[in-house]
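A, B, C, D, E and F are the chain letters, set down in written order, and residue numbers restart from 1 in every chain.
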C-alpha cells in the first residue's frame, strides 16, 4: 500500500514532518473516486522523477476551491514518496518577512534540495506566498519572479526534483502568466452531492446512522436538490459544531444550508 | 447565569480586562431577541473549543453596521468564557505603528496565546487593523496577509483557541477574499423599530415613561413609519444629548429624525 | 453672556490662546440667525460633556464652504467653554512634518488632554490634516487612520473631552467613511442674500449707509437677483479692498459680481 | 511715476534683485491697455497691504498662457513697491532638491518675510514648484500642502505681506482646489491681434516701419484674419530670429504663421 | 558542418558553456524546415558581424511561444560561432537581486564583452529580465531603460558584437516600444501538426513505431484534426510521462489532447 | 563650406568629440533636400546665438521617427559650430544612475557651459533621459522637471547657449507639456520613396548600379508602390546584411518589404 508507508518515513533524514503532518490531521477520507485518482497520479509522477532517463524535474499544480483539501493531498503524496528530502514552503513560515527575506528563504530551501539526490518540495498556497489580494490587485512581484524562475529551473546534474504547488486561485495564476511553469495540473474538487456528504458524516461518526440519514433527508426535503458545493474542511467543522448544540439535527441542517446548490441558481457557486 | 459570571473572572491570570470592560461600559441592553441568540451562539462555540475532540480552533466573524454593538458583544462573550487567556487586538493599541511593528504586535499576542491551554482573542475592527480606506482603495497588505495566516492557523498541539473578529465592512472582507478564514459568521443588527428604541429609552431611564411614549408618538406621527435604522451606540448618545436641551422631547425627535426609514425610500439605508 | 466671557479665560492654564484668537481676528458678525444657533448648540454640547453621567465624550463636525467661518466659530465656542484645557490641532503647525511626526504630534496633544479633567480640542481642517488633494485622490492614510481612532476613543475614566472638527469637504469625509466618527454635525453657511451682505457692510462700516445701499441697489439692478453665495472671509476682504480704489462703489460691485447667483443658473454654486 | 522708481529700490535691504530683474530683461512693452490695468491693480493691492487697518495680508494669482509675460509683470509690481523685503520663490532655485528641502526653502523664505514689517513674495510658476506633470497626473503633494498653508497664513502681528503667485495652468489649480487660497486673480493675456504685434515690432525696432507693415500685410493677406494668439516672449524671439535670415520678411511671416487664428477654427487655441 | 563544431569550442577562452549547454540538453530536433532556416539566418548574422566593413554590431530578437525552443536555438547559434566571448544573461542568475544589482550585472557583462574583439551575448527571456507581469502591468523600468541603451549601443572601435535576445511576449515588447532596438527578428514556432509531433516521438524513441502511429491515429480519430499547437519542451515531457503510466498510449493521447486545435475554434490558441 | 570645417574643430578646447563623432559614423547622406534645409536652419540659429543683441539663448527640438538620423544631424550641426564648448547629454552616459545622480550630471554639464562664452549642448533622446515607457506611462518626474527648468533658463550675463534636443516621441513631449520649452522645432523625416532609397544604395555602393536598379524594380513590381517609410539607420543595415547572403537581391527585397507603404493601407505607418 503506497500511502500506508507514511509512518515509516517519519524518521527519515531531511524530512520536515511536523508541518506536513499537521496538514493531514483530519485524515484523507475517500468520499469520491477523484481522491484516489489524484493520489495515483501523484504516485506516477514520483516514479517518473525517480526513474526517468530524460525527465529529472517535474513541476505540478494542485488547484481547487478554498478548503477542498489541496494541502492535505499534496502532503500525503509527498510523505508517501519516501524521498530523503521533503519540504514545505508556505506563507505560514514567512509572516512579516520582507520580500528579500522571503526570496532568501525560498532560495535556501531550493539550495538544500539541490544537495540531495531525490527531492520533493510542496509549495503551498502560491497566491499567499506572493501576498496576492484581489483588490488592486496587489502582490509581491519580486517573490513572483523568483518563483517563476524556481518553478522552471532544472536541478543540477545528478539531482532530481518534484515540485507540488497548491493554489485556490487558478484564474489568478493564469493572469499572472505562471501556468506555463507547470508540467501538469491536478484539480481537487469540493464535496458535490449529499451522498458524498453522507459518507463524510459516516466517517466522522456523526451521532448514529439514522440521524445522518435524517440530516440528508431534511436537506433534500427543504431544498429539493442533491447538489452540494462545500470544501471537506468546512464540512468537517460543521459536523462537529452541530454536536455541541442542543438540537444537533436542525443545527447541522442550518449550518449546511448555505452550501446546497439550488436549481434555479446559475450553476455552481464555486468559481474560485 | 452565563454572563453574570463576568465579575469573577476579572482577577483571572492573563485576562486584559480594562480594554474589554471599557467596550461594554454602556451595558448590554436586550432590546431584541437577536441579542440573546448572539450571546448563546457565542456560548456554544466556547463549549466546542473547550471540549471537542476534533475541533480545537474556531474563528468567528461578528459583523454589523457601525455602532451596532459588535465590540461590546464580542467582549461580553470573551469575558464570560472564564478562559485563562483573553485578549483584545484592536487598532487603538497600534496608532502610528509601522506595518512591521503591527505584525510583530499581532504575532506576539498569538505567541502568548499559544502558551496557554485555553484562549480567546477578540480581533476588533478588522478593516481598521489593515488601515482600510474606501478611496483608492488603500490598506496595509502586509498586515492583511499576516491576519490571513493567523486567522487560519491551528494552535499547536495541546492548545485551544477561539477567535472572535469584528467588522463593519462585510463587503470589504468579501472583496479581500478573507471570508473563507472564518468557520462561521454572526450578524449584529441595528435598532430596527420604534419599539426597540422605546425599550432602549426605558432602560436608559429617559425622563419618564409618558415622555418616552410622546417621543415615539411624535416620531411615528411625523414620519408615518415604525421603521428605524440606527446603531445602539448613537441611539444612547442622542437620548443623553436631548436631556441637556431645554426642550427634550422636540430635541430627541430632531436628533432621531434622520434615522427613521421613510416608506418611499428604497428600503433600509444600512448597507454597510 | 456666554461668549462675553472669552477675555477672562485668556489667562487660564493649558489654553493655547494665540492660535485660537488669531482665528477670530475678524470677530463674529451675526449676519444670520444660524450663527446664533450654531453658538447655542456648541454651548449645549459643552454642558453635556461637563455634566452628563453617561456621556463623557462628544465628537462634533463643523462643516461648510471654504471661508464660511468654521474655524472662527469653533474657536469661539472652545474659548467660551472655560475648560482648563483648550487646544488647536491644525495643518499650520505641521507643515513639512513627516507622517509619523504628525501622528506623534496629534498623539501628544491627546495625551496632554487625557491628563486634564475637562478638555476641548479643535481639530481644524480635517482634509488639510490628511494632506487631501482631489486629484488622484491622494492623502495620508496613516494620519487618517490615526484620526479615526482618536475621534472615537473614549478618554480614560475621570476625564471628559469635547472635540470640534472642521472641514470644507463634507463629501470627502463621506467617501473616507469618517462621518461615523462624529456624534453630531453642525453646518456653517455662506452669506446667502444681499440683506446678509448689507449687514456685514454695516458692521464693517463700509463708507456710509447711503453708499452701502447704493452697492446693494446696483448689485440687484445689474443681476436682478437677491441671492448671494460667498463666504464671510472673502466678503470682508472685498469690502476692504474696494476702499483703496478710487471708485469704491463700482469696484465693490465688480468684486462681488462673481458671487451673485443668477436665476438661470442651476441653483447655488456652493457644492463644496 | 509708479514704475519709474524701480532703479532707486535696487540698493534696498532685503531685496534680491538679480532674480527679479532677469525676469524683465525684455522690458514691459505696453502693447495693450490690459498691461496698464494689471500694473495699476498691482499698485492698489500694494497700497492696501501697506495701509489697511483690517487687511494685512493679500494673496494674488497672476495667470495666463505660457510666455504671456506673467513673471515679468509680477516682478515689475514687486520691484516697484519699495517694500524693504522683496523675494522670488521659483522652481529654478530648487532643481534637484528633495521634497523636504523644497519645503524647508519655502519655509525659510516665509520666516525671513515674517521678520520684516512690509513684505512681497513672488511665488513664480506654481505648477513647476509642485513638479506638476499632466500625465498621471503627478505632483509633489507635500509641497502643494505646504503652499496651501503658506498661501493662507496670516503673517504675525505687526507684519504685512503681499503674495503674487503666477501660473500658466489655471485649470490645474482649480482641480487641485487651490484657487480658494487667493484673495483675487489677475489674468495676463497673449498678443491677440496683428495691431498688437505691430506695436511690438515697432518697440523692438524690427527693420523699418515699411517692412513691419509689409509683414502685417502679408500675414493678413495669407490668412485673411487679424486674430493672433502668441505670448510676448515667443513673439520677441521670432522677430529677432528673422533678422538673421537672408529673407527676413518671409521668414518672420513663416515663424508667425502658426500663431494666426483662422476663422474656421473653433475660436482661440489658448486654452491653457 | 556549422553546428557540428560545438564540441570543439567548449574549451575556448571566455565562453561560459555550462549555462548554454544546459539549455540544449534536449538536443535540437529538426521537426520542421523552419528550424534549419533559423539556424542558417543565425549563421549569416555571425558572418556579417565578423566580416562586414560597415556593420560591427547586430542585435537580433528571437521570439516565440513559451517552450517553443528559443533558448535552445539561441544557445546553439551562439556556441557554434566559435567567437572567443560567448555569454548568457538570464533571469536565473539574478533572482532576488535589487534593480541596481541587476543593472550592474548587465553592465559588467557588456564591459567584459567590450574587451574582446568578437562577442556574442544571449540575452534570454527579456520579459523575465525586467520582472514583467501582465497584471498591472508591472516591470522594472530601470532595468528596461538600461537594456534599451545596451541593445542599441555600438561597441567601441575594434570590437564587434552580436546580441541574440529571446522573448515569449512579442506584444509586450511592442507596447514597451523596444522593438526598434533590434536590427532583425526571428520567429520560433510551436509544433503545428501531428506529423511534426510524430517525428518528435520518433526521435525520442517513444515505444515502437507502431505505437507511435497508433497515438497519431487516435489523436486524429478523436479530434478530427491534424493541427497541433504545443511547444517542443512540453511535447517531450508528455512523451516521457506517458512511459511511466500503465496505459502509455491512452495516457499520451490524454496528455496531448489539450494541444489539438479543433476546427470550430477561432484559429490557433498560440497568441503569445 | 560650413560642414567641411568639422575636422578642424576636433582639437578645440571643451569639445567632447568622441561621443558626437560616433553618432555620425555613417556620414550624412543627402538623400533629400530636407537634409540640407535642416543643416542650414541649424547654421542660422548658430549665427543668431553668436551675434544677436537680444537673443543669447535658443532651445531647439529636433524630432522624427526612430532611426531617422536625428542624433547624427544634431551632432553635425554642433560640431560645425566651432563653438568652444560642445557637449552631448544622452541616456548612454547615465545607465543605472539614480534620479538625483542624473540631475546632478545634467546640472554639472550646464554649470560647465555657463563658464564658457559660446556653448552648444546636444540633449539627445529626451524620452530616454526621463526613462519614458509608454506602459503606465512611467517616467522620471524629477529629471523631467529639472530638464524643464534647464531648457528655459537663460545663461548668465555674458554667456550664450544653443540647445539642440532630439526626440522620437513628439506626442509624448506634447502630453508632458514640454513643447513650450523650445523656441523652435525641426522635423527629421524617414526615407519616403524608392528614389531616396536608391540614392542611399548608390552612396553605400551596394553591388553595382544595375543590381541596385533591379532591387528597386523588384520592390516596385511586387508592391506596386513607390512609397517607403524607413529610417536611414535601418536602411543602411539592411543593405549591408544583404551583402552577406548568397542571394543578395532577393534578400534585400525581403528585408525592405516591411517598409513599403501599400496603397490600401491608411497612409504612412510612421506615427511616432
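Operating definition for what follows: a residue touches a chain if its C-beta (ideal position, glycine included) is under 8 Å from a C-beta of that chain, and two chains touch if they have at least 3 such contacts.
Every value quoted in this text rests on a predicted model; they were computed, and no experiment measured them.
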Chains contacting each of chain C and chain F, listed by label: D
Given chain D and chain E, the chains that contact each of them: F
Chain whose average C-alpha position is farthest from chain E's own: C
Chain F against chain D, contact positions shared by both copies (same if over half, else different): different
C-alpha-based rotation, chain C on chain E, 0 to 180 degrees, nearest 5: 180
Centre-to-centre distance between chain F and chain A (centres being mean Cα positions), rounded to whole Å: 59
Computed distance of Cα centres, chain C from chain B, in Å: 34
Inter-centroid spacing, chain D versus chain A (mean Cα positions, whole Å): 68
Junction residues of chain D - those touching two or more other chains: none
Round-the-ring chain order [start: chain C; next: chain D]: C, D, F, E, A, B
Interfacial residue positions of chain A with respect to chain B in the complex: 22, 25-26, 66-67, 91-92, 95-96, 128, 131, 133-135, 138, 204, 234, 236-237, 240-241, 243-245, 255
Complex contact set, residues of chain F against chain D: 44-45, 47-48, 51-52, 54-55, 58, 100, 103-104, 107, 137, 139, 141-142, 144-146, 148-150, 153-154, 175-177, 180, 183-184
